[in-house]
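Chain lettering (A, B, C and D) follows the sequence in which the chains are written, and residue indices restart at 1 in each chain.
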Amino acid sequence: MDAVIVIGGDGSMTGAKIFQEEYSIPVIGIPGTIDNDIFGTDFAIGFDTAVNVAVECIDKIRDTASSQDRLFLVEVMGRDTGHIALRTAIATGAVAVLVPEGPMSVKELHEHLSYLKSKNKSSNIVIVAEGNPTGNAFEVADKLQKLQSSYEIRVSLIGHIQRGGSPTAADRVLAAELGTFAVESLIQGMCGLMVGVINRKMVLTPIEKAVNERNGLNEELLRISDYLSV
Amino acid sequence: MDAVIVIGGDGSMTGAKIFQEEYSIPVIGIPGTIDNDIFGTDFAIGFDTAVNVAVECIDKIRDTASSQDRLFLVEVMGRDTGHIALRTAIATGAVAVLVPEGPMSVKELHEHLSYLKSKNKSSNIVIVAEGNPTGNAFEVADKLQKLQSSYEIRVSLIGHIQRGGSPTAADRVLAAELGTFAVESLIQGMCGLMVGVINRKMVLTPIEKAVNERNGLNEELLRISDYLSV
Amino acid sequence: MDAVIVIGGDGSMTGAKIFQEEYSIPVIGIPGTIDNDIFGTDFAIGFDTAVNVAVECIDKIRDTASSQDRLFLVEVMGRDTGHIALRTAIATGAVAVLVPEGPMSVKELHEHLSYLKSKNKSSNIVIVAEGNPTGNAFEVADKLQKLQSSYEIRVSLIGHIQRGGSPTAADRVLAAELGTFAVESLIQGMCGLMVGVINRKMVLTPIEKAVNERNGLNEELLRISDYLSV
Amino acid sequence: MDAVIVIGGDGSMTGAKIFQEEYSIPVIGIPGTIDNDIFGTDFAIGFDTAVNVAVECIDKIRDTASSQDRLFLVEVMGRDTGHIALRTAIATGAVAVLVPEGPMSVKELHEHLSYLKSKNKSSNIVIVAEGNPTGNAFEVADKLQKLQSSYEIRVSLIGHIQRGGSPTAADRVLAAELGTFAVESLIQGMCGLMVGVINRKMVLTPIEKAVNERNGLNEELLRISDYLSV
């Protein structure tokens, strides 16, 4: 065994680092996590697929939502981060998105929804990241229902559906790009690094840094999400 | 207005009947309900689509399930009936299915799973109909987890995802068949009846009977489901 | 080896029969062919999946068709039979279907399309079975274009896309039903037979008969297809 | 009417420019073309969806291809460019891709396939862009079949299937980003420009330049495609 290429998230990267140190075999990491919160890359393998699965599910939910006076709180994966939630919200035209990175209280959500109602905007999908600090989808639904009774609130969990499915074209191309770059980096004598893509350029990040820092939400997408939901 | 054709479930059929009596306009009903529990037809429009949506979701869940030591309880639609649950269970190779029509206690489920474990059979998907009398998926999960601790139990709700989606070919062909038969029946002077298909023959059932009786689970599928899960 | 269960079409069945005769090992056949032309069953495994794949492709083609003044000739599988073509045509609202079992000349097709045009009916999808005796989709397109020039004709081949894909729920349930019945038949001492489902009842047919006779097109669906395309 | 936002390809952009000049109403363009060859953006709306549709179709074709000794030439859209072909080839693990931007003769293709065969590499999918200068898929197939007879060559056209379908999450997010930026640009008094995204930054390009120049193939992806197909 000449070298090891590890694909995964924080846990796999940490393991890879320890492996390299113990066995003195060069290791290169490839970010693969649907949560997309690993530092050192704009996109991890699996993220695009997970977002598409969530969007397809919500398209189906919307078929019902739009024909009835209901609000759907849809919980998507993301224990510590709102990456999936944010993109899913924009892609499905959700009226609000609750993420760990910028919490919105249930009271604020209620006011936002009331404002939309007063403007006669149809408002039936709210995306909730798994790790939303103001409560999971069921808890938010309970609190929100107590604040108003003019419409019925339903909860839908995309949950584990999101961990499967055939990979999208973008994820496959990303895997080819990162995989090629990982092999080339090893050949050039690199090790202890994670490959990534930032602003469409291939980059290398020390595994320690990739694990210790966080990939924050895209500020521009947050702004667009606010913009579109008013 | 010469005649009315109504597509829907029990509620729509009852309304159609009242409409005919009040306005003396002939009415023919077409069964359209994903639950498939309306009497007078083997299949209602929407049922095949709903089962396929559930199966596609569970295929994605299984991608995770099979790689980890977990049991997934997947709740599918069916407030009063296990039609969707039963077909979904067979199509996904579930190890058990909990339906209103033939309740299985949590203790029985536990014993069945322990038996499979003793035979080294992989057992990771259990389908729970929404209206399961021994509890919804979350309740069954809680009770089951208390009876054993060797594997982790997760819950997934297909829920409202199942009410949407593009109709399958079979549902479209069924709609064409029933729709044609409905029009022809009206032309022949029929009314107050619901069209349906039983053993691949077009049949007519008085709306009252369609509403008051129930479409029971297919005995043969129940037997096959038991057979395959052992 | 106590017994053999063979899944396939005519070729596999014939082979199974020879195998049984040569080695004196009991054989039971299960019909599995997307063409659905094997005798002794209403539906062969794979047929429902193939029709759904064709319908999904045509839904995508229609997105373009409906926004432009074009006629699409879509060729689907079926070298000797129009089973896939007929169901696909009904499910996609095609204005005509060309099948081996009841040939329509290009002149007749042209007259039918002209009639629809005179009635201002939108008419943009025609389904052509691979084995259409009046020509494949390209040949029909050429001849048809010569008869008129008011709209552009495009050809689309679903072709080999149709041989793949994840099986539908109906195909999986059918496989469970036929598979269970095949095992039970063997246990009861049957052999040289093919299992099948006719009018939703499990039936057995001598393999020789299954191979030598043909599963004709459903007369009722032919009638509905004519009815809907006028 | 205060301003116009136009979504489309070269034709729409040219029209938009003329409209602005004639009516003195400010116009901003948004690139929307599945071919992705418009200058001034890495990605046009619709491109990601078209690539995913092609990849899903080829996944289905591959189910057959891998079980038989066949080579499939799959033609995808792209009259003047290989953007779709290149990404599709990488995503599906094709052994070669024929694009307008860097023609490969049938003789070169034959030698490449023979080389792979000599290395015992399975080689069953070749992607051909619609506008491939050495022939369309049928023509390449004919010439290639004449050069060898050890395997059967089949042709599959993804064609118009690729122009439809529900948009992917990435296309929807891109539409939200470009749409927001287009509105903001108009508010700031910009006009006669096309919005775009280059290396994940929003940029503006004069419509004339967007129409007159070309978005070349990604050099890095070309290199990776070569790398993976050997």
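What to note about this one:
The working rule: contacts are C-beta pairs under 8 Å (C-beta built on N, C-alpha and C of every residue); 3 or more make two chains touch, one makes a residue touch a chain.
Everything numeric here is computed off the predicted structure, so don't read it as measured data.
A count of C-beta contacts for the chain pairs A-D and A-B puts A-D on top.
The geometric centre of subunit A is 27 Å away from that of subunit D, both derived from CA atoms. Remark: subunit A and subunit B have CA centroids separated by 33 Å (rounded to whole angstrom). For subunit A, residues that reach two or more other chains under the stated contact definition are 59.
If you draw each protein chain as a dot and join the dots that touch, you get one closed loop, with every dot joined to exactly two others. Chains touching one another, given as pairs, are A-B, A-D, B-C, C-D. Taken together, the subunit D residues at the contact with subunit C in this complex read 53, 57, 59-65, 72, 154, 156-157, 159-165.
Within the complex formed with subunit A, the residues of subunit D that make contact are 42, 48, 51-52, 54-56, 59, 87-88, 90-92, 166, 168-170, 172-173, 176-177, 180, 199-202, 220-221, 224, 227-228.
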